[in-house]
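Structures incoming, each one as structure tokens.
Two complexes come next, and they have one chain in common, chain A, joined by chain B in the first and chain C in the second.
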Partner chain A sequence: METLLKISNLKVCFDTDDGPAMAVDGVDLEIMKGTTLGLVGESGCGKSVTCLSVLRLIPSPPGRITGGEILYKGRNLLALPEKDMERIRGNDISMIFQEPMTSLNPVFTIGEQIKEVIMLHQHKTSAEAGELAVRILDKVGIPSPAIRLKSYPHQMSGGMKQRVMIAMALSCNPEILIADEPTTALDVTIQAQILELMQSLQDEYGMSILLVTHDLGVVASMASHVAIMYASSIVEYGSVEDIFGNPRHPYTLGLFTSIPVIGKRGRALYVIPGNVPDPVSFPRGCRFRPRCLFAAEQCMTQKPPLREIRHGHRAACHFSQTIDKYVWKEKTKTASFLISDEQHG
Partner chain B sequence: MFSFTVRSFFQKAVTLFFISIISFLVVYLAPGKPSQIDPLNPRFTPEDLVRYRKEFNLDKPLHVQYYLYYKNLFTGQLKSWKDNRPVMGKIRERVMNSLWLFIVGTLITWSLSFPVGISAALRRGAFFDRFSTFLAYVLISIPGFFFAYILIQLVVKVFNVPVIGMYTFGMAQADIIYRVMDRIWHMVLPSILMALGGIALLSRYVRAQMLEIIHQDYIRTARAKGLSADAVYYKHGFRNALLPFITMFGLILPGLIGGSVIIESIFAWPGIGRMAFEAILARDYPVILTINFISAVLVLAGTFISDLLYMVADPRIRL
Partner chain C sequence: MRNNLSTGETSRDLPEEVSRFAEAWRVFKKNTPAVWGLVIFIAFFIVAVAGWFLTTGETPVLDPAKVRLSEKLLRPLSPVNTDMVEPGDRPVFGIYLLGTDDLGRDVFARMMQGAWVSLTVGFVAVGISVVIGIILGGVAGYYGRARIKFMHVLCFIAFFASMILLASGRKEPALDLFVTSLLLATVSAVYHYLAARGGAGPRPLDFLFFDTFSVDTLIMRFVDIMLCFPSFFLILTIVALLPPNIYNIMIVIGLTSWMGTTRFVRAEFLSLREQDFVSAAKALGLSDISIIFRHMMPNAIAPVLVSATIGIATAILTEAGLSFLGFGVPPPHATWGNILAGGERFIFDAPWLMYIPGFSILTVVLSFNLFGEGLRDAMNPKLRKR
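So, the complex of A and B:
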């Protein structure tokens, strides 16, 4: 499969009052053409910053991209002049955000906002852009799109606004859609609708999606590849089958174990012990070490690199060759944690 | 929208009625009486006093005086107690003088504050931002009259340009170009002085507002669409940043009367602010009350206009 976007060793630093915070520290990611990559991690682990870096939208100051490269069709986006970057934003790579409520400009109609991006990148007249906008609004399931074009954002519900955001993002047929927790702010039924919509639009247009979420269920149903992010780095990367069927990083294993399972009511839910480390002062060595059940001497001193276990399946753990779900189950039993028998078997 | 306009208009009319009563009472509650002017004047006999009181309706009950006063105001028969000239005529003449200062001052204020404030916000922490912040605080801190004194010294001594009054005495026969230039020269200092304080304050507000706006999610969306930074800030940002200033824009109207008292006094500018001040000293009730009434009308008209502007500018308020 053709690699469309390749992020290597991306480093983003935010200057805070407490010192520089490495929000993204050596992230490697690949997005294949026409597929969905799920980027999973806890709040504050650097998912959104990674996404914003791809479009170079990191608020600066305080943010700075301090290293790495982002190759899109052979061009390093981080080295492009701002003018060329503007031609890529919204045209080749678009983005939708977590908060549909505040992501649309309250003083312009949605028609004006969609037409704006079409006129900008496709050099259409206002009337042509209007027709295109109606068509794309129809596509994302907005009823009576021609009338809705004249609506203002405050006249629409959250789900509708996210549909408008998707319409706006897709209006120039981008190669990549970055969706930064697109359903987090929406209620569950609307979430399912929006995800379904994204899936069907992907089938139709063949774009790649970088889907950021902290919902493993969403990833399982949407993504073909998954990257698990922890403390500003990728800890495990692989196909959905690899990650869900054969997780090799203690953090990934912990994540799966902490999913509540229907039918297991009444038993204590597994919790990864400890807290997410502060990006201003990460622990030395492996960043998951203070919370890890397998932590050893080696983990104190050396940060494990993201290494290939099998073809296309990578994990950043010194012991990922030996740790798997069976070892994990043994360990968590002896560590007196509960784990379901049939989970992810 | 139409019903809102009508309702708002009606509310403002009711408010104006109450203002008229209160301002009438306040003037009469103030210590001293108009008929007590100059008790040491030997030609002012007790008979005169009774005659004056009768002449100016001061012997009638307060509500009758109120009625007579507003009846005269609206029929245009109200006369100044000082020189017996119709009040409206006097005020019109003075307002026209103040209007020039007001328009020029306001134009300078609003047309400079926005570029300064926005540039400072977009270059936050850079030299321009720090410099404009420093300058703004200097201008806010220095009292207007003191600053006026420095500027007068400077302009008169360095440029040899007369600055007091509206025009140079004895220029009436001069060529039209010279007269126009003379008027402009006289207007420069007072209007700049009027504008400076306003610029200092307003540009700070604009900066704060713009700083808040550029961190909004929809600004990021606009950037993600591929719009250039300028297009984002000046199209998507500016329109939103403008909203709070509509309220302020409505409130500048009453500044026509109240905002210029000090400047007009310093520059001997025959404007409405100075007239109000002189009328208070002279206890010229009809003039005080009329100016009061006009300011009330201006305040209400200003808020009415800003309500209407809001409906145009902010779709969320449209009714």
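So, the complex of A and C:
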């Protein structure tokens, strides 16, 4: 399968008052044509920054991309002049944002906003762009699209606005759609509709999707590949089957254990101990070490590289060859007592 | 599939189409003083335009400059003394609607001419200040965080110094400095061109391009400096140095009153810049220029419009003050300020010479302020739902 976008060793740094914060530190990702890559991680781990750097939208200052490359169809996006980058944004790579409520300009009708994008990238007349806009609005499931073109954003609901955002993002048939938590601000039923919509549009247009979320359920149903991100780096990468069936990194294992299961009662839910480290001063060695149940001497000094375990399945842990869900189960049986003891003490 | 996706809304459920203008008007018309302000605003506009048509040309209908010494200091509505005044010199209605001044000039004609002056001074001065304010405020708000390189500071200082030297008449050092600044500009242009082409890594001359202060600091501290001057006295000083004519007055008032607009626009841009729709517009491939002027400006224009309306009132007042002090539009041309100044000497004999322009200024300025405040309430979405 053809690799469409290849991010290698991406580093993004934000200058803060406390010193430089490495928001993204050596991220490697690949997006294949026509597939969905799910990027999962907790808040502040660098998911959104990774997405924004693909389009070079990092606010600068304080942010700057300090290293790595992003290859799109063989061209390094980080070295392109701004003018060429403007042609790629919206046309080849599009993005939809977390907050549909504020992502549309309140003073223009949605028709004007969709038409502007089409006219900008495809050099169509206003009338042609209008027809295209009606068609794309119909595609994303907006009823009576011709009338809706004249609506202002405040006249629409959140789900409708997100549909409009998707319509705008898809209006130029992009190769890649970056969806930065597209359903976080929506309620559960609308969430399902939007995800279903994205999937059906992907089937129709054959675009690739980079889906950022912290909802593992969404990833399981949408993605073909998954990257788990922790403290500015990828800790585990693989196909959905690999990650969900055979997780090998203690952080991934911890994440799955902390999902509540319907019908399972009687025990306190597992919690990964400790807090996310501060990106200004990451711990030395492995960044997950202070919270890890398997931490050893080696983890203090060496940062584990992202190593291949099996074909296409990679994890950044010194012991990923030996740790799997069975080992984990044994360990957490004793460890959960340990944790509760500490809490009582 | 499609039916499953739709939210089940049909065209009948669509909210009634209400434009932003209609919405604002609905709120505005509840504010009675503001509506009166608008009415007077429109009336003043019509009077001023009519005044311009009626008082210019070879044989104006209303001649504000016609001196009739026999008819001096007549009360408002006094009839013409037909024995003394030739038929061609008589006012239109056969009476002096607003009386005459100490030279027997028709005050009505002079007020009409002055209305046009006030209107143009108000609009042109505010136009200048709004344009400067929007550009500087927009740049400070949108690009504010960018830092100016040391080289550019050098370049600017050299250019500025050469201009000062040129103004003080020392041509040779001025030319030297000007060439230096051009040279520095060329060097930095080449540097930036190379920087844009090549990737990261050190380049020669990097030591000349370290960051100094931010664009925001430059512009906003300049605003602070301008605000430190008591503006009326600054205007007085500049006007005293320039040949007195109406255009200089407009430009000077405009150039000394843009600071408020700059602050407004910058503040609006600072909050708009963080809005998602700006990131979304960028992500869709729009250029900075079209984001600033097409997407952010319409969102920021409401407070500017309000401050401009009140700014017109201030400009009219400033012009009247300048004319009253004798620094404004030179004498044969009538303005409300110099009619007032001329009437001051006859305050007991001919009080209408002060009351008429005085009340006119009061009414117009008050109506502009009321209209401006009404506009602000109508434009403010937070005050709308009441």
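Just so we're on the same page, the second predicted complex is superposed on the first by the 334 of 345 C-alpha atoms of A that agree within 3 Å, B and C clash if a C-alpha of one lies under 4 Å from a C-alpha of the other, contacts with A are read in each partner's own complex, and residues count from 1 in each chain.
The criterion applied here is as follows: contacts are C-beta pairs under 8 Å (C-beta built on N, C-alpha and C of every residue); 3 or more make two chains touch, one makes a residue touch a chain.
Keep in mind that what you see is a predicted model, and the values were worked out from it rather than measured.
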Superposed partners chain B and chain C on chain A - clash or fit: clash
Partner chain in contact with A:Asn105 - chain B first, chain C second, else both or neither: both
Which superposed partner A:Leu197 touches (first chain B, second chain C, both, neither): second
First, second, both or neither for A:Lys150, with chain B first and chain C second: second
Which of chain B and chain C A:Gly90 touches, first, second, both or neither: both
Touch count on chain A, higher of chain B and chain C: C
Partner chain(s) touched by A:Gly141 [first = chain B, second = chain C, both, neither]: second
Partner chain(s) touched by A:Ala79 [first = chain B, second = chain C, both, neither]: second
Partner chain in contact with A:Gly159 - chain B first, chain C second, else both or neither: second
Superposition clash, chain C versus chain B, among 57-65, 111-119 or 165-173: 111-119
Chain B/chain C common contact set on chain A: 55, 57, 59, 61, 86-91, 94-95, 97, 99, 102-108, 116-117, 120-121, 152, 165, 168
Complex contact set, residues of chain C against chain A: 1-2, 4-11, 14-15, 17, 20, 145-147, 196-197, 199-200, 275-277, 279-287, 294-295, 298-299
Residue numbers on chain B that touch chain A, as the complex places them: 125, 215-218, 220-229, 236, 239-240, 243, 313-316
Chain A residues touching chain B - in the complex, by the definition given at the top: 55, 57, 59, 61, 82-83, 86-91, 94-95, 97, 99, 102-109, 116-117, 120-121, 152, 154, 165, 168
Complex interface listing, chain A residues touching chain C: 55, 57, 59, 61-62, 66-67, 78-79, 81, 86-91, 94-95, 97-99, 102-108, 116-117, 120-121, 140-144, 147-148, 150-152, 155, 157, 159-160, 165, 168-169, 193, 196-197, 200
